[in-house]
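Labels run A, B and C following the written order; every chain starts at residue 1.
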């Protein structure tokens, strides 16, 4: 694996190996003993993904280079390729990129000579988010085979849904979609079920955020949407005892999910964020190893110091 | 002290202990030997406060996580609580927050499980600014008891005035307010005196910045304001020999204070900024100690390397 | 040399010494063993210059303080001088400043007590860009004496052209300008030649970016401009075998230069960016040494770890 761009590229073994590595980083992790630079190029807003990449990099001892589109040469018309090549030229050994184009990496990736991680591609893929969702499920069940997983909400505009559907199918889970009319994505071949069917049968309910910023003029009423298609307090009561709730956040409280459920017992929403750090550490070290930029001899072990929740 | 939110919460002993600790950090300070992360969440513009927190954290060996509201999930409607909880989840051991709400910490603080520092709350409080003002006065006089201190300017919109008035009263100083008509804050019970009375009788003149961004359509003429209510070159001559001038900056030169007085002999304006670093180091280590995240054995001493001015 | 502001201030010996130092940093460089802070104050957008200063500083072990104009007290009207003085007060030992004023440093530099580097001054000077251009030429030819160098494009608005013309003249090169009508700068005394003369006779073709953001309402057609004044595929074929192409980037592909030439054999465009890091390291250590903030005993050598391209 030279780059980390899409869950479609990943085999079951590759995913499980990375999840085990991520889990091991919760208690002990490597610190590189050479000075490497990572460039984090976010063309779209981000809190969780950007910040957990920063924490992951700093825990590994990697120097971080920030980038604000509006203060950069992007404002002078510089292309993504030229910007990426610039960071490579000034010494970045790793590029982490989020961009509004669903396929931003196609056409440029072959001309870059450092590993690249997709931190979100328009409505296309968000494979590192998928890996942290997988880790959260794996911590719960220890496997994926035969699990019933419902992905619920704005499927059409959700890169999270796309990456998770592919990954979970590869891993042997039964994937179902639930969407309000107009929010379906018919280009993907997964069965649609209603929210009421989903809450009763699933082991994991993966809620999605309504992507207001990707809708054009479609209007919807938050309260009606919540009643008809969201996880209400009433619906949560019908979930199986062991079933858990995921959401990539930020949460539209009272829309996809009742505000009082965000931190309920079966919610893993903040645990997902915590998992994001060790998952991204595992993705980074896997790639650096593949590129010969790190091996176990060029690192030292250190116990994880920030508190595990 | 679990959080640092308001000078109203502080006893005389707590303040003096922190000032002594801050003063000691000017020559020697601790460096934590574990990797901790601080999240600096500034919802309003800042140069001095943000940068001196960064310097304070880096001197203590704490990793910093930046945050630009406009590049974050705040643009997708994420609440302050959800954002704070996110940073906690990804590993921040300390939150430093500036927000436009006068009482942003009320209602959210009990659900956070890391120490929180108020770096400015709307027109409410700005307790870390107050601590650096106190240190500057303390360096000058060695005590606060019976000192005459005039807080001058836009009292109504000034969180600095509010925090300082409470703190100085606790410490035994005589606090007076001076304000142009409309700039008073009648919710606080301190005597108002004229600018001409203030300059003649005070030991410390604490000037405030006119908060243009918090005024609505009130217009004022800078030159007339300066003549009537500002520290002019003429007024400065009437100050007592030992009296000093403070201003939290940024300064509106020629409005609150004559431009040529900004770096005059009795001005402590740039010294205040310098003091901001060691004061914030003291506040941080005091909180981390309280939360069991640092003790003297888990640190090593290092001499302060940047030049003291 | 107390500050690094203009190539007009530099002697041949000073420039060559810095180029040799920069070249030596490609394989081995110093890491300061005291904690110093650099403030990078960019009032105009930047990718390359800002990021290569960051990499240079981090390689030297210097802590970096970022600054976004729109999140700072500049939005409250704070002047450049007051902002610079603020960073000095909170502990910065080095200021790197880019500002839209052609002469921003005049009038303020004498009141600052830390070294200042000009990272771009409006349409005036950009001396660190010039130094990396010089290093790129020096790597190619080992000298400057008698080299024919054509600076081509938007001379009038280009601080890069101004800094390079002065420096190259000092170093003994023959400098020619090539500009479309209206893009000349008649305040500088260098001969103008046509683009077709330039490509045939020069050893180095220094292309400039058209500074759209500094033009007012002048309109031009990119295709016509490219044909008449740009480096087309046809013109490149007429260059001497050994001649090289420079461009400070970001590149307007298809305007100043044909897109397919950006990474052609004689292009040094990405090598220039790579050179930017070691050149800026050399400028920084030269200034710190001058100010007594570093000497060889207070540093330790380390091999350059990021891959040299």
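Structural remarks
As a convention for this text, a residue touches a chain if its C-beta (ideal position, glycine included) is under 8 Å from a C-beta of that chain, and two chains touch if they have at least 3 such contacts.
The model shown is predicted, which means the values in this text are computed figures rather than measured ones.
In terms of which chains touch, the assembly is arranged so that all chains touch all other chains. Superposing the C-alpha atoms of chain B onto chain C requires a rotation of 120 degrees, rounded to the nearest 5. Of all residue numbers that take part in the contact between chain A and chain C, under half occur on both sides, making this a different-residue interface.
Chain A and chain C have Cα centroids separated by 39 Å. For chain C, residues that reach two or more other chains under the stated contact definition are 66, 68, 70. The touching residues of chain C, counted against chain A in their complex, run 42, 45-48, 50-52, 54-55, 58-59, 66, 68-70, 209, 212-213, 249-253, 262, 270-271, 273-274, 276-277, 305-307, 309. Interface of chain A with chain C (complex): residues 34-37, 39, 63, 65-68, 70-79, 82-83, 85-91, 93.
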